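Below are two complexes that have chain A in common, paired first with chain B and then with chain C.
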Partner chain A sequence: MPKPRVKVAWFDFACCEGCQIEMTNFGEPFVQLLQHVEPVEFREAMSEKTTERINVAFVEGSFTREADRARLEEIRTRSDIVVAYGQCAVSGGINALKNHMDDYSEAVYGKDCKRPHLDSQKALPVSAAIKVDYEIPGCPMDKAEFIRVVSQLVHGTTRVYQPSYPVCMECKRRETVCRYDDGDHCLGQVARAGCGAPCPADGIPCEACRGFVDNPNEAALAKVLHERGGLPKKWADTKSRMFAANQRGDA
Partner chain B sequence: MTTRFLSDGALKQFVQALMAKGPVIGPVARKSRFVFAALEAPEDLRLDYDTTILPPKKLFFPTKQDLVKFDSPSSFSGCVEPKEQVLLGVHPHDIKGIDMSDKFYAANIPDSNYLAHRAKTTIIGSNVQKHYKHAFFGSVCRELKPQGHDMFLTRLKGGYLVEVRSKKGEELLALGKFEPASREQAAEAEAVNAAAEKNCPEKLNDTSDSVREKVRASFGSDIWNELSRDCFSCGSCNIVCPTCFCFDVQDEWNLDGVSGVRSRCWDACLVSEFSEVSVQGGSENFREERAERYRHRFMRKAVYLNDALGGPACVGCGRCSGACTADIANPTVAINTIMER
Partner chain C sequence: MRNMGRNVNISVHHITRVEGHGNIVVNVKNGTIEKCEWQVPEAPRFFEAMVRGRHYSEVARITSRICGICSVGHTLASLKASEAALGIEVSEQTVLLRRILKHAENFDSHILHVYFLVAPDLVGAPSVFPLAATHTEVVKRALRMKRLGHEWGSCIGGRTTHPTRAVVGGFSSLPGAAPTVRQGEKNLVELKQKLLAAVPDAVETYKLLLSLAGNIPSFTRPTEYVGLVDDYEYGLYDGKIGCLLPDGKRELVEVSDYRTVTNEYVVDRSTAKYAKHRLDSYMAGALARININYNRLHPEARKLAEGLGFKTPCFNPYMNSVAQFIEAVHSVYTSVELIDRVLTKGLKDETPVKPAKFARGAGAAEVPRGILFHEYEYDSDGFCTMGNCIIPTNQNHGNIQKDFEKLVPEMLAANRPEPEMELGLEMLVRAYDPCISCSTHYLDVTFKR
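Right, the complex of A and B next:
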C-alpha cells in the first residue's frame, strides 16, 4: 500500500516570492515530488486556504512586522515541521539591508511613506519569531538542494546533511579560476556552500547569497576585500551586508 | 634506462597517435591558469604551463565520484568504470605527489576505486619549463625521487629528451618517431632539471629533519594563533594539494526514498565540519579552533607522515600558497617563520 502523502503548505512573508517562482520552475522533479506530498496551501499556484493540520510548512520571506508574529505562531502550531526557505526567511536576506538605515522610507515610497501598511521594523529571519527546524538558504534557494532536503523530510529522516563549509570548497573542486586571480573580489570564503559555486564559474564574484558560514572571519574578509580585491575600505567593511546583514557582528 | 630524442614535429605526431588510442589528459589553458583536461587537439597541450589549479590526482579520484547506485536496500551496483588513459605533462614534483597518493590509497584498506583508475593510467612526465610563482620544489622533499611514471620528457632545443621509465613506456616507443639520443643530450636534460630545482622562486631554509623536529616542538606554541589569524577555514589549501587525500562520503536519496546514489568528494581538514563527530546523539568537534585546524595541516605535511613516506608530505608545488586568498597558507613563509623563532 502506498504511504499516505505528506501534507505540505507554503507561506510567504516579506520577500519577492522569487523562491516560490523558482519552485514552480522545477518541472519534472516537482511532478515527482507531488507523488509524495499533498499541497494544502500554495498561494503562487492555488487559491484555497485551509486550517487543517500540516506535516511540513515551508515559510518564505523575512519577519519584518510585529503583526506577522501571530501568523507565524499559528503556522508553527499547525505544523509538525517548519522549513524556512530562501535567504529572506533564513537570515532576513536582502531585506535586512535596511536594518542599518533610517532614511529609506521616503526615498522608496515618497508621499505614501506614512501609510500604516508600509510600516515595518527590522527585517529578521523567521527563526526570530518561531522555532525553525530546517533551513534552505539562497537567493533564490537552490532547486536541487530543496529537493535533496525535502526528499529526506518526507520520508521521515530527521538529520539532513547540508554542507557547513564555505563556497571556496565547491569552487575549487570544480577548478574555477579564483576571482582574486582574475583581479576581482569574492565573498566565497565566508559564504555557506551548497549551491555548487555557480557564480565564480560564470566569472562573477560570490555575493554570499546563501548567507555566512557559522564562524565567518569577518575581519579577514574586510582586509582581503580591500587589500587583494581592491574595494575601497568602507565598501570592503560593509560589503557582506547584502545578504548577511543579520549574521554580521554589527547586526 | 632507455633514452631517446623526440623532435617538436614528432611530438605532435606522437600525441596524435596517443589520442587515436584513447583519452590523453594534459595541461591546457583556462583563462590565466592551467588545468589538466582531455586534449581535443595536440595544439591544446601546453607543456610550458607553470602549474595547474588542481593536482593530477583528480584523474584517479575525481573531486566528486559516484561510488554505488542503489535501487532498494538489496539492489545496488558500483558505478566506477576505469578506462585506459594517458596523463601527459606531469611535473616531477607532481609525480612525487602521485607516488605518495599511490602509497596512501594502497595502505590499510586498499582503495580499489583509486587503484583501478591508477592502474589504467599511463603517466608521461615533463620538466618544469616555467615556474609557478610560489614553487619551492627544489628545497623540499629532496629525499624522494620521482617514480611510478612511464616516460619523462625534458625540453631541449628543437625537441625533447625522452626517458623511458617502465615497460608501458617502452611500448609507447612504437607510436612515434623516436630518434637515438646522444650522451650530450642526456647530460643537457639532467642539467635542465637540476636548474629548475635550483631556480625555484621560493625556498625552505632548513632540512626536512630539522623542520620536522622544530615544527613538532611548536605544537603548543602561540605561533599558530598568530599565523592563522586571517584564516577563513575555507579548505582551499587542502583541495589544491597533491598530497592531501581525505574525502567525505554522502548518500543522496531520490524522491522515492528508496533509491539513490552514494558518492564521495574531496574533503579538507581546514573546514570545521571535517572534525565534527557524532557523540551520543549530539556532536563534538575535536579541532574546534581555527588555529588547531590550521596547525593540523602543517603537522600532517611536515611531521606526521614523514615516517611512512620517507620525507615530508609536501612536494613544494606552491598551489596552497596561491590558492589562499588570505595569503597565509604558504609553507615557506610559515615554516621559515617557525624555524627562525
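Right, the complex of A and C next:
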C-alpha cells in the first residue's frame, strides 16, 4: 500500500512571494513532488482550505505587525511542523532594512502615516511570534535546498542540515575569482553558505542574503570593506543591513 | 420585480489565487447596494524609505525585492531610473539583452497566471492541484512552459527571481555567465532553440484556450488604457507613456512626467490609493498594452489573436488573460528575432557604463501587470536620497472598483445567485492578475469584516 502523502500548507506574510514562485520553476518534476506531498492549503495557488491537521506548514514573509500574531499562532496550532522559508521569514530579511529608521512610515505615507491601518512595527522573523522548527534561508530561497528539506521531512528526519561556513568556501570550491581581486567588494566572508555562491560567479558581490554565519566578525568585515573594497567608512559600516539587519550587533 | 427586497452578503476575505491579500465586500439590502468594495489589507513594506542612504549599485537589488513575480521588471525600471539620474547611456547590446530578459518575465508570469490561477475557474476546479491527477499532460505542459520562462530569463539575467546580472550601466556577466564571448553566443543559440522548441506547447495552449473561451464572462466597461509605446517594438522595455481613450483618442507623455498620468488620490470609503488620468480610472496590463499596441504585435501572435476572435479595442477586462497568452506568444517569436540581432552584431564583452552625474531621474517598464514607474535622486557620492515607485496594481485598483460598480448592478438585474456573483467578482479580480504585495507606494487600508 502506498504511504499516505504528507499534508502540506503554505502561508505568506510581509514578503514578495518570490520564494513560492521559485517552487514553480522546477518545471515538470514538480508533478513528482506531488506524489509525496499533498497541498491542502495555499492561498496564492488554490481556493481549497482544510480543517484537517497540517503535517508541514511553510511560512513565508516577516512578522511586521501585531495584527498578524493571531494568524501565525493559528498556523502553529494547526500544524505539526512549521518551516520558515525565505529570508524574510527566517530573519526579517530585506524588510528589516527599515528597522533602524524612525521615520520610514512618514517618508512613504506622508501626513497619512498615523492612520492605524498603516501600523508597521520592526520587521521580525516568524520565530519572534511562534516556535519555528526548521528554516530555509535565502533571498530567494534556493529551490534545491527546499527539495532537500522536503525530502528530509517526508522521510521523518528530525534534524535538517544547515551549513555554518561562509560563502567564500563555495566560491573557492567553484573556482570563482574573488570579488576583491576583481576590484569589487563582497560580504561572502561573513555570509552563511548553502546557496552555492551564484552571485560572485555572476560578477556581483554576495549581499549575505542568507544572513550571517554564527559569530560573524563585524568589525573585521567593516575594515575589509573599507580598506580592501574601497567603500567609504559609513557605507562599510552599514553595508550588511540589506539582509542581515536583525543579526547585526546594533539591531 | 424579483430583485426587490433581495439581500446579498458577499465577503471574500483574502481572495485566493492572486498575489498578495485583497478582500471583496458586497452588501445588498432590500435590493439596494449598501457596499460594493475591493479592499487591500496587505502589510505595508516601506521600500521607498529603505532605499534612502543606499548606494546606486544596491538600489535595484533592493527594489527587485518588491515583487517576486515581477522582480525582473522592477529591476529594469529601477536601473533605467538610476541610469537617467546618473547620466548613463547603456550600449545597444545591453538594451537588446534587457529586452529579451523583459520578454522572458512576461512569458513566465503570463503562463503562471493563465494556467495556474485562471484556468481552474474556466474548468470549474478549485486549483491546479486536482488537475495534476485528472489532466496530467496539461499540468505538465504548464510546468514545462513555466520552466522555459525561468531558463530564458536566467540565461540573460542570472535568475528570474531577483536577477543577479542586470546592473546599473549594463550586465555584470555574459549570457549564461559565459567565460568567453564565443561561449556566450553558444548559450544564446541554445536559448533560441529552446524558444523555437516551445512553439508546439504554445499551439496546444491556444487550442485549450479556444475550447475554454466560451467560459470567459462577457462584461464590458470602456475605460482609459495606459501602457508604454515604443518606436522599436511592442512597448515592454522602453518607450513613452501611451494613453488610449475609448473613443480612440491617443496621447503620448514623457516618462519623466509620469505623475501627470498617475495622479494618485485617496478615496474616503475605500482602501488602496487610486490613479486617474482623463477618466474616473484607467487600466494597465496586457489588455491595455494590446489595445494600445496591437499593430506592433508579432504577426504570429496576431494570427492567434484573430483565431481566438480577439478584436481591439477590447473593453472586457476578463479578456486580460487572453491578452496575456497572445503576449506570451509574441514574446517567444520576438525574442528569437532579438537573439538573432545580438548574434548578427556579434556578442561583445562589455564593462558596465559608469555614472556621468548624480541627479534625479525616472524610468518605466511594463511588468506583466502593467506600466511601472521608478524614480530616484542621488547625492554627489552616489547614495540615494529619494525613491518613488508606482506599481501597476495600484494603478488598477481604481479600475477594479469601477468595474465592480458596473458589474454588481448588472448581476443583480440578471438575478444571478449569490455564489455565482461571488465567483464572477473573484474571476474579475483574478483577470487583472493583481500583484498586491507590490503595492509599496500607498496602501490606505481598512479592516472590515
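The working rule: the second predicted complex is superposed on the first by the 245 of 251 C-alpha atoms of A that agree within 3 Å, B and C clash if a C-alpha of one lies under 4 Å from a C-alpha of the other, contacts with A are read in each partner's own complex, and residues count from 1 in each chain.
Criterion: a contact is a pair of C-beta atoms (placed from the backbone, for glycine too) under 8 Å apart; a residue touches a chain by one contact, two chains touch by 3 or more.
Source: prediction; values computed, not measured.
Because the two structures share chain A, they can be overlaid on it, and in that overlay chain B and chain C fit beside each other without clashing.
Put chain B and chain C next to each other and count what each touches on chain A; the higher total goes to C. Applying the stated contact rule after C-alpha superposition, one finds that A:Cys178 touches chain B and leaves chain C untouched.
Of the two partner chains placed by the overlay, neither chain B nor chain C lies in contact with A:Gln162.
When the two complexes are overlaid on their common chain A, residue A:Cys186 makes contact with chain B while staying clear of chain C. Legend: residue contacts after superposition of the two complexes on their common chain; A:Ser151 is shown touching chain B, with no touch to chain C.
Of the two partner chains, chain C is the only one touched by A:Thr64; chain B is not. Looking at the shared chain after the overlay, A:Gly18 reaches chain C, while chain B stays out of its contact range.
Distance between chain B and chain C in the overlay is 8 Å (nearest C-alpha pair, rounded to whole angstrom).
In the superposition on chain A, no chain A position is in contact with chain B in one complex as well as with chain C in the other. Across the interface of their complex, chain B is touched by residues 29, 32-33, 35-36, 147-148, 150-152, 154-155, 157, 161, 163-166, 168-169, 172-178, 180-182, 186, 188-190, 213-217, 219-221, 223-224, 228 of chain A.
On the side of chain B, the complex with chain A involves touching residues 30-33, 35, 53-54, 58, 63-64, 229-236, 239-240, 250, 252-257, 265-266, 268, 271-273, 290, 322-323, 325-327. By the touch rule above, chain A contacts chain C in their complex via residues 13-22, 24-28, 30-31, 34, 39, 42-48, 61, 64-65, 67-68, 93-95, 97-98, 101, 103-105, 107-109, 112, 115, 117-118, 120, 139-140, 198-199, 201-204, 207, 232, 235, 238, 242. Considering their complex, residues 14, 16-20, 41, 43-50, 52-55, 58, 61-62, 65-69, 71, 112, 116-117, 120, 126-129, 132, 136, 139-140, 143-144, 146-148, 150, 158-162, 164-165, 167, 172-173, 177, 266, 381, 383, 437-438, 440-447 of chain C touch chain A.
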